Structure formats: structure tokens, C-alpha cells
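In what follows, structures are represented as C-alpha cells.
You will see two complexes here that share chain A, one where it goes with chain B and one where it goes with chain C.
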Partner chain A sequence: MKYIPTIGIECHVQLATKTKLFSEVDNDARGKEPNSCVSPVDYALPGMLPRLNGEAVRLAILAGRAMNCKINLESRFDRKHYFYPDSPKGYQITQFYHPIIGAGYVELPSGKRVAIEHAHLEGDAGKLTHFDTYSLVDLNRVDTPLIEIVSMPDIHSAKDAHDYCKELWRLMVYAGVSYGDLYNGNMRFDVNVSIAPEGATELGTRTEVKNLNSFRSVERAAEYEIARQTKLLESGEKIIQETRGWSDATGKTTGQRSKEEAKDYRYMPEPDIPPIRLSSEFVEDESTKLPLMPADYRKKFGGKLAGDTLEVLLDYPELMRKLGEVADEGAVLLSNLFASVLLAEEKSAEYLNDLPSAEDLNELCKMNLDKELSSTATKDVFLHLFDPQMRGRGTRTIAKELGIIQENDMGALEVIVDIVLAKPETAKAQADFKAGEEKVIGFLVGQVMKESHGKANPSAVQEILRKKLS
Partner chain B sequence: MEVNCDTIKHLAKLSNFSLSDAEIKSLGGDLNSIIGYISQLDELDVENIEPTYQVFEMENVWRADEILPQDATREQLLALTKEEKDNQIKVPKVL
Partner chain C sequence: MKTANKKVTATRLVKDALEKAKHFEDYHIFTFLNEEGALKKAKEIDARIARGEKVGRLAGVPYALKDNFLSPEGETTASAHILEGFTSPVTATAVEKLEAEGAIMIGRTNLDAFAHGSSTENSYYGPTLNSHDRARVAGGSSGGSAVAVALDIVEFATGTDTGGSIRQPASFNGIYGFKPTYGTISRYGVVAMASSLDCIGFFTRTPEDMDLLMSIASGQDPKDMTTLPDYYNEAVASAKLDDSRLAPARPFAFGNSRPKGRALRGSGAHSAPVVADGLEPSNSCTRIGIVKEFDNDSVDTEIREALKEKCELLKSKGHEVVGLEMPTLKYALAAYYIIQPAEVASNLSRHDGIRYGFRSENSTDLDGLYEHTRDEGFMSENKRRIMTGNFVLSSGFYDAYFLKAAKARTLIVQEYEKAFSKCDFILSPVSPNPAFKLGEKVNDPVAMYLEDLMSVSLNLAGVPGLAIPAGKTKAGLPVGLQLVGPRRSDKRLIEFAKELA
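Presenting the complex of A and B:
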């Protein structure tokens, strides 16, 4: 029997705010001492009053718009109660009943659409480290602002699950909603997988693989679950609804001890945070801050760039922003330079943080189009634009210093050609060419290039040679 | 709605409280009278009435996204915990 997989994904995105969701404490705890980014609010001391970070609301609007979602003009916070040492309050502040982001969709590069059910603002929990007989609690991450994006079960392959997560990453990073630093857990994915016989009207029993932090592990975990569930059903066994953990090392999911009791979060309205009420004008104003998004770049460059080059470049928002700034006629040349030269370099990460100015890049394209720079010379100058010693000097100065500007002045080139043709060692080649041996033209062009110290434009040289030898 | 012994045990477990049988019994009596009192509201017809989520009628209380120095130091906050280790709060092993 053929089984059709169905996948839904929940994604937690860490927002790029300076401070936490409910307190005026540094939100960036990377490399900081445990419990050093903590306020009495995060500590849940009696009498503490959480206050909502307005920037988180603005970023949520951008996130919603990036996913073509409706922004709910009225939204509220709720308390989700649970007892665990990662939450001193004893509850998480989240938006269970009235989320800020309503339904929408994400379009994958393949053109498929994944519907978004809703997305909401919430605070993160603290970090636990487990030892033999005890656990240690670091509250730096408590109430780091997150949006949780809940997709509909619209995905039917592990590859599409991968592409959906990657597209979400792009949307959040392009929109400036998140730094998207996967290594530091800025985006975490929970993947729900079920399978059902082809044609079935009801979905199968699902399992949830929690806390995946890369697109690759999303894809591998989904693949593994589809295969595991298929095998179970084929051998007549049942699938247990459970949470499973994924190990990158073993490439397997394993069942996690399920809590004996059914979840009972006792949601109630959060009385400390007054509701968010937005005007349509405010939402529109904020939405205009959305910069060019992947879909805009696909529209802009889609016809001109090879599709796979564009998709590679789209993984580098800094490059795309730069391409958006340069003149249209140079965009294709620069895209190819970025893709073939820059991304192949080991130092690409370093380069990406410090790209040349649009002005320098425009000049480079112009010199290439005007044939002042050969394609080799263009690459050479391009790389030198990243050289800390040279970069401030401007494209033309660099090209001059490198001595690789092509001679296009036909008069000057003719003089050089004449010198070469007057040399006795070229006499035989000239005679052979006139006798119809086409390929010796290469030797003659080479001689002229040598005489010009490599600065002559070879196609112009060939043109002059052909005229003189005809 | 009647609060029975099992409800209280369930709630106590969710909140990690340990309660003696005597406490469960006395809490049961208290909770039942509170709920009984509140239940008078059930007599009202609240069909089509928007629930009250917030009694102060405030909205959009937002603050600027600026890091401010905190009055309480890490040491002061950690001093409030039962046990600490390496600047972290030490708790019985949980998994």
C-alpha cells in the first residue's frame, strides 16, 4: 500500500530586539555569564510587573506581513501554567486565544504554498543543564521574545519540510525580524509527522519531533519518521502518539518518556499585560518598513539569472541587499561574480560582513561592459575590492595600479600590431595565415598581447590583424 | 462545579505542592464555598457579551526597547535561592 506523509511544523523564532519581551534587560546572552542578564521580572519576584517591549510588537507585524498573514488588530496575552525549574513564574506568558498574527501562507521556491494557521508572541524559558544528581538553572534566556509560527499540515515530503523551514528563515532574516543565527538556536523547529494510506480521508496518528535546529535535521528527522511509521503500519502495528527526540549523530528519533498526565495548562488571561490594540494605519505604516523580500528579488532577477544561482545567492541576505542597490545592467555580472568567486572563497563569511560600495561595484560593471576590463581582469579587480589595503581607493584606481586596464584605442593598438608584424619572427605566421591557415591568428594575437604587456583587448587586436593581413 | 479530593490532588501535583489529608479536606471546603459564591454569576445571561479580560481598561502599555541598568544584582538574586552553584540555581535533578 502507498502511504502519503503529512507534515505540520511549529517554528520558534527569536526576535532581534535589544531587550527581552517583558523587562529592560539585554536580550543577547551569547557568551555572557549565567544569570547575568536577569531582572527581578525574569526572576518572578513578588510584586514584579512585566512591561511589553513595543519593538517586539513591531517585529511581529513585519513577520506577519512577510508570511502574507492577516495582522489581528486586537491581541492579548495568556498565562500557560506549568511547573518546571526553567520558569520561575510557574507559567509562560503567551498568546493562546488571541494571537497577533492570523492566517497567511509561505510560498516555497518550487511555487508550492504552505498555509500558516497563526503565529503568536511569547517569552522563552530558561536553560537547564543536567548533572548526575542535580540540575542547574540559568535564567538569561527567560522571556527572550519569540514568535511561534504554526503551519497547517500542508507539507507532504521531507524535502518540502526542509524548503519550508529554509524559506521561513529567509523571510525572518530579510524582514529583519530575527538574526536567524541557527547555531545559537535563533530558530527551532518542532515537526509533526503522520502517514495515511493514499486516498484516506483522515490523517494518521502523528508523532512530534521536537527542538530541531537546522534545516538538514528537519529533513532527516522527517525522512526517518516517514520510514519508521511506514514500516510499523506495514507490519500491522500501531503508531503511538508521542513526542520524539532526534539525534544528529545516530540519525534516529527515539520516544521520550511521556508525561503520565494529560497536559493541563490552565490558561487564563494575563492580567499584568493590557491588550494590544492596533490601528490599521499603524499596521500599514509599520508594514512599509518591510525591505525587499526573497519574492521581490525572484521577480527582479528571475528572468536574468540562472534559477539555481539565484537560490544560492538568496541564502546570503547581505549579497541580495547589495545587488538590490547596484545598477540593473550590472546585476547579472555581479551575481555571477558573487556566486562563483566570492562564495567559493574560504573567507566568504568575512567578506560578506564588509561588502564594497555600490558605487565601486557599478564602476566595475561599467569597465567590464566598456571592455576596459577582460573577464579575468574583472574578477581580479573584484577580489581586490575586498582587500583591506586597496578597497578605499575606488575601482578605477585599483585597476590602474594592477595595470590590467585593456587598451581599446584602435589607433594605439594599430601601432603595436604594426611593430609585431614588422618583426622577422612573425613573417612565417603571416604567410601561413594568408595561405589559409586560420589557427595561426592565435599566435599573432599572443605576440601583440605580449608586446602590449597584456593590456590590449584581444578581440580588437584580432580584428585589426585580420584587416591588415587580408 | 464541585471541587473534590481528586481535583485538589491533581492541582497540587501540577503545582508541585504536597498536601496532607487534613489540608486537602480543609482546602476542599474553602474552595467549594468560594466557587459556590462565584457561581451566583451563573444566574446572569451573558450570551453575546464580550468577556472581560482586563479590568483597568488600559491598552498598548508598551515600553521602549532600551537596555536599562537593574537595581538588583546577580548576587542579590542568587542569594534568594535555596542553593546555588557556579552562579546558577541548583535544583533537584529534573528530566
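Presenting the complex of A and C:
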């Protein structure tokens, strides 16, 4: 029997706000001492009250718009109760009943759409590190603003699960909502997987693989779960609804806790935060701050650039922004330089933060198109545009200093060709070419290039040679 | 309010207060006496007075702080074992405002642990005794604060009122106790009981003192998102904009056929009349509503007598007394004892023994740590409310209990709006009985909850209520009544209380 997998994904996105969701403490705890970014509010002293960070609300609006979602003009907060040392208040402040972001959809590069059920604002939990006989609590991450994005069970393959997560990442980063630093847990995915016989009207029992932090692990975990569940059903066993953990090392999921003993979170309206009421004007104003998104770039460059190059570059919002700034004629050349030259560089990550100006890049493209720079010279100048010693001098100056501007002046080239043809060591080749040996033209071009110290435009040289030897 | 000056120094005032506090030590009023800190502050104020510098409106005035207000002076325990040893690094907004005007905290006062109770018998430190009869309860939960003011130890004391915790002990001790409109005074830095009901307020011996304290402590606080925009000090001017005016004025009067202009009854006898519709200006007549549902045998005869006497007094001063039917109020107690424990259970979740306060030594794992710390740290009334609260919030019960109570609450809000279209203020008893005997109800939670019958509806509706002294019973126990107004009528309400003195 053939089984159809169905996948729904919950994604937690840490918002790039300056301060926390409910206090004025620094939201960026990277590299800081444990428990150093914690205010009495985060630490849940008695009598402390949350103060909602307006920046988080603005970013939520952008995130919602990036996913083509309706923004709810009234939303509220609720308390979700559980006891664990990562939750100082004994509850998480979230939006259970009235989320700020309503239904929408995310379009994958393949054109498939994944519907968004809703997305809501909430505070993150702290971090526990477990040792043999004790555990340490770090509350730096407590109440870092998150949006939790809940998809509909619209995904039917591990590959699409991967693509959906990646597209979400792109949307959040392009919208400026999150830094999208996966290594530091800026985005975390919970993947719900079930399978059902082809044609079945009801979904199968699902399992949830929690806390995945890379697209690859989302894909592998989904693949593993589909295979595991298929095997179970084929051998006549049942699937237990449960939460499972994923190990990158073993490539397996393992059961954690079954949903039967699921906690009762005792949701309650948060009485310390009044409802968020937004005017539609405010939402519209904020939405205009949304920069060009992947879909916009696909529309803009889709006809011009190779599809796979475009998809590679879309993973680098800085490059796409730059590409959007330069003249259209240079887009193809630059996209190739970005994709195959820059990203191959060891220091590419560093370079991304400090790209050359659009003016310099436009000049580079123009010189290439005017044949002043050969493709090798173009790459060379391109890389020098990142050189701290050279950059800032302008593309043409750099090219001149490197001495690699091509000689395109036909008169001047003819003089050099004549010198080469007068040399006795080229006589045999000339004779061979005239006798029909086509490939010796390469040797002759090489001699001219040598004579010109590499500055001659090889195709122009070839043209002159052919004329002279005909 | 007796403030310090060159002759009567702050040091003198503080020393007197501390001396009296010690004299009444066996009343269990204080959980902490701030001798060193208070005298140090008094000296600073005296020095400023001596230098001829400007001092605040409460310069050198000794006050008592209910022990659920956070400040670094003394441990903030909320009279609960689980907060034992907790010294706060932050100061409550209300405390900051009082101290900025020169008020000096001489001690922290006893309460029912976490303000759960109506008698102060639920304190980890034992009950506070009634100022008029040592065999009786002080009322609660702000029992210590009420007795501190009633025994003249301090000029004023702070309190919190979630279902009557200021008004009931005030009436049990014969003083003024005010629960403002919800959101008038910042809750920041006050140990939360039930966040949507909690109000910060005061105990005083005069309405004038109450007005002064309100004008100092009220106001919007960025640290408390539920505070209202400043209104108290502009109250007279904004009377025109009061909520009560939003309801259509109804030319309807009980038992009085005198034709009335559809005038806006603004700010009582002492403010300029406000003209509406170009009709005759309102005279100084104020309409007082009497709730029929509270006038029955379940209320002590002497309290009902006191209410009648005050009505006569008002009529003799030219005010009008009207009967009100408020049938929805019968759901108030039930709704209150669902919403309040739910919020209590939630707010008390943070007391887990991990970051501050008491931690049980009898545990070897995480669940044991929670279990033992909370078992040993909470009083049985705390536990009762945590259990009730978690029950009404449980999945499967939420709709039947919490949601239903929330709907009843909306109806109660509307009931008050309707009532204030027919009258300016409501006068009613605070509690069905005068101070009861120590131990009489402490083991009967339902009897204890019934004490809150007439006080909790104000908290559900968010409206202000002022407990005013109304004489004594034959046995010499104070009787209190409460004057209730529409939201944000706080200043007018306090002003009008002078009419009842």
C-alpha cells in the first residue's frame, strides 16, 4: 500500500529587537555572561509587571505581511502555565486565544503554497544545562521576543518541509524581523509528521519532532519519521502520538514523552497586559517598511538569471539587495561573480557585510561588457574591490594599477600582430594554419598575448590574425 | 496631616510613632520596624528644614507599609513563609512617590499571607488584634495597616484591596479606607494577588488626608500597563467627561417628584455646578443610591441602622436618596471566587524556591523541590486558592467556570453603569457584620468568603469605594459603610465623604 505523508511545521523565530519582549534589558545575549541580561521583570520577582515592547509588535506586523497574512487589529496575551526552572514566572506569556497574525501562506520556490494557520507573539524560555548531579539555569534568553508560526498540514514530502523552512528563514531575514542565526537558535522548528494510505480521508496519528535548528535536520528527521511510520504500519503496528527528539549524530528520532500524559497548561488571559489594538492605518504604514522580498526578486530576475544561481543567491539577502541596486545590464555577470567567485572565497562571510558600492560594481560590469576586462581580469578586479588596501579607489583605477585593461584598439593590436608574424619562430605555425590546420591559431593568439603582456583582447587578436593569414 | 517643621521635627514624629508601635506590640501589627532607616530619613528631612529648603507634602510623616509592597527596607514577606528572607532590590512605584514627598516608613504591617483572607488570621506571623476589641479580628487582609492607623501609631498606612482588603479592615477599626478605580495607582512593585482585581489604596483618619495621598500616589506608570492616564488631580475639570455621563441621563427619581433639570451632577457640594442642556444649574443635591439587595436579614441590624441614619443625614442636607435594584450583584461572590483564585494560582506560580525566598531542604529532585517548598511555604488558605484556581482553569473546566465568571463580570460592570445613570454614588455596608471573634470563622472558608459579599463587586467592576466610619455598635465595635462611585469619580467620592462625617 502506498502511504502519503502529511507534515505541519511550527517555527519559533527570535525577533531582532533591541530589548526584550517585556523589559528594557538587552535582547542580544550572545557572548554575554549567563544571567547578565536579566531584569527583575524577567527574573519574576514578586510584584513585577510586563511592559510590552512596541518594536516586537511592529516586527510581528512585518513578519505577518511577509507571509501574506492578515494582521488582526485586536490581539491579546494569555498565560500558559508549567513548572520548570527555565520559566521563572511559572508561565509563558503567549497569545493562545487571539494571535496578532492571522491566516496567510508561504510560496515555495517550486510554486507550491503552504498555508499559515496563524502566528503569535510570545516570550522565549531560559536555558538549562544539565550535569551529572545538578543543572544550571541561564535566564538570559527569558522573554526574548518570539513569533511562533504555525503552518497548516499542507506539506507532503521531506523535501518540501526543507524548502518551507528555508523559505520562512528567507522571509524573516529579508523582512528584517530576525537575524536568522540558526547556529544560535534564532529559528527552531517543530515538525509534525503523519502518514495515511493514499486516498484516505483522515490523517494518520502524528508524531512531533521538536527543536530542530537546521533545514537539513528538518528534512532528515521528516524522512526518518516517514520511513519509521511506514515500516510500523506495514508490519501492522500502531503509531503512538508522541513527542520525539532528533539526533543529528545518529540520524534517528527517539520517543520522549507521549501525548497521553500531556500537560494541562491552564491557559488564562494575561491580566497585566491590555489588548493590543492597532489601527488599519498603522498596520498599512508599517507594512510599507517591508523591503523587497524573495518573491519580488524572483519576479525581477526570474527571466534573466539561471534558476539555480538565483536560488543560491537568495540565501544571501545582502547580495540580493546589492544585485537589486546595480544596473540591469550587469545583473547576470554580477550574479555569476557573486555565486561562483565570491561565495567560493574563504572570507565570503566577512565580505558579505561589506560589499563594494553599486557604482564600483556598475563600472566593473561596464568594463567587462566593453571588453576592457577579460573574464579572468573581471574576476581579478572584482576580488580586489574587497581588498582593504585597494577598495575605495574605484574600479577603473584598480584595473589600471593591476595593468589588466585589455587593448581593444585594432590599430595598436595590428602592430603587435605584425611584430609577432614577423618573428621566425611563428613561420611554421603560419604555414600550418594556411594549410588548414585550424587549431594552431591558439598558439599564434598566445604569442600575441605574450607580446602584449596579456593586455590584448584575445578575440580581437584572433580576428586580426585570421584576416592577415587568409 | 501633621508634617514636620522646625518645632515639631521629623525625628520627633518618627520617634513618637516608633514608641507607640512598640507600646502596641502585642497587637501584632508590624512584621518589621524600620527604626534605623526611619530615623536616618527623619534626620535628613530635619536638616533640610533647618537649612530652609523646600520639603515635600508629606515631610516627616510616619506611615506604615503593608508588607506586600516591595522596597529594600526590611524583608518583603507578604506575611508568607515562602517569602521569608526576601529583601527586594526594587521599590514599588507607590512607595517611591510617597517617599519623594518626604513620608517615612516606620514599619511593615501584617496581613493574611499573600492577602488571602478577611481577618489577618492567615498570616504566617499570627493574627493582628482589633483596635477596639482584642478578642476580635482586625479584618483583612490589610489588618495590620488598619490597626496601625486606628491606634494612631501612624498618620496613614498603605493597603491593597482585591475584594475588600482595605475597606473591610477600615470598617472593622473605624477609619477611612479607600479602594480607588482600578488602574489609578500603579501596582508595580506590589506582590500581586489577582492582577485584574488588585488596587492599591490607603487608610487614613480623615477624607482630607485621603485626598492628599491620592493626589500624590495616583497617576499613569509606564511600569504598569494597566494604569489609567492621569485623571485624579484634574478630576473636577474632567467631571464633564466622566464615564457616568456616557450613559444617557435619566430624569428618573425614586420617591421624589420634584422636577429636575437634566443637570450633570459633577463634583458634589463643593464644586461649581456644571450646566447641561441649558437648563437650570444643578444645585448641591447629590443622588445617593441604596442597593435593595443588601437590605435584608443577612446584614447585621446595627449596620442597617447605621445606613438608615446616614441616609437621614444626607436627606437633611438636601441630598436625595434613591432605591436601586442590582440583581446581578448576587453573582458577584461566585464570579469573584473563580476569577480571583485563578489569577492567584497563576501569580503564585513564581514561588518555586529556585530564585528567592524560602526553599525546602527536604528534596532530592526537581519535582520534590517544588512540592516541598510550596507545601511548607504556603499557608492552607493559599493552597486552597491555588487548588481552586487551577481547577477552574483546567482544560475541560475553563468554559464552565472561568469563562462563565468572566461573562458574569461583564454583566456586573453593566449593572454598575446602569446604577450610576440613576444616582451619583451608592451607599452600602462594607461587610454583613462588624468585627467577628478571633478563630470564629478561620476554619470555615465559606463563612469567611461570605464576609466579602458586598465588597467584591466593586473590584469586579473596577469602581472606587471608600469605607467611612459610621459610629459604633452597642458593644462598642466600629461600623463602617462604603461610598461607591463610577469609574474615575475618585476625587468627588472622597470630597463627598465629608458630607457624611
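Note that in this section the second predicted complex is superposed on the first by the 437 of 470 C-alpha atoms of A that agree within 3 Å, B and C clash if a C-alpha of one lies under 4 Å from a C-alpha of the other, contacts with A are read in each partner's own complex, and residues count from 1 in each chain.
The rule is short, and it goes like this: a contact is a pair of C-beta atoms (placed from the backbone, for glycine too) under 8 Å apart; a residue touches a chain by one contact, two chains touch by 3 or more.
The structure displayed is predicted, hence computed values, not measured ones.
The superposition on chain A brings chain B into a clash with chain C.
When the shared chain is aligned, chain B comes close enough to touch A:Val57, but chain C does not. Residue contacts after overlaying the shared chain place A:Pro275 against chain B, while chain C stays out of touching range. In the superposition on chain A, contact of A:Pro40 is made with both chain B and chain C. In the superposition on chain A, A:Phe131 contacts chain B only, with no contact to chain C. Shared-chain residue A:Arg466: touches no atom of chain B or chain C. With both structures placed on the common chain, the touch criterion links A:Lys450 to neither chain B nor chain C. Touch criterion not met for A:Lys400: it reaches neither chain B nor chain C.
Between chain B and chain C, B touches the greater number of residues of chain A.
In the superposition on chain A, A:Lys423 contacts neither chain B nor chain C. Residue contacts after overlaying the shared chain place A:Asp264 against chain B and chain C alike. Clashing C-alpha atoms with chain B appear in a single stretch of chain C, chosen from 27-35, 189-197 or 333-341: 333-341. Where the contact sets of chain A with chain B and with chain C meet, they give residues 40, 43, 45, 51-52, 81, 83, 85, 90, 137, 264, 266, 269, 271, 273-274. Contact residues of chain C toward chain A in the complex are 68-70, 76, 78, 83, 86, 88-90, 92, 187-192, 194-196, 222-226, 342-343, 345-346, 348-352, 354-356, 366, 370, 390, 393-395, 398, 402, 406. Listing the residues of chain B that touch chain A in their complex gives 10, 13-16, 53-56, 58-68, 70-72, 74, 77-78, 80, 85-95. The part of chain A that touches chain B in the complex is made up of residues 17-19, 24-26, 33-36, 38-40, 43, 45, 51-57, 76, 81-85, 90, 128-139, 261, 264, 266, 269, 271, 273-277.
Across the interface of their complex, chain C is touched by residues 40, 43-52, 79, 81, 83, 85, 88-91, 137, 264-269, 271-274 of chain A.
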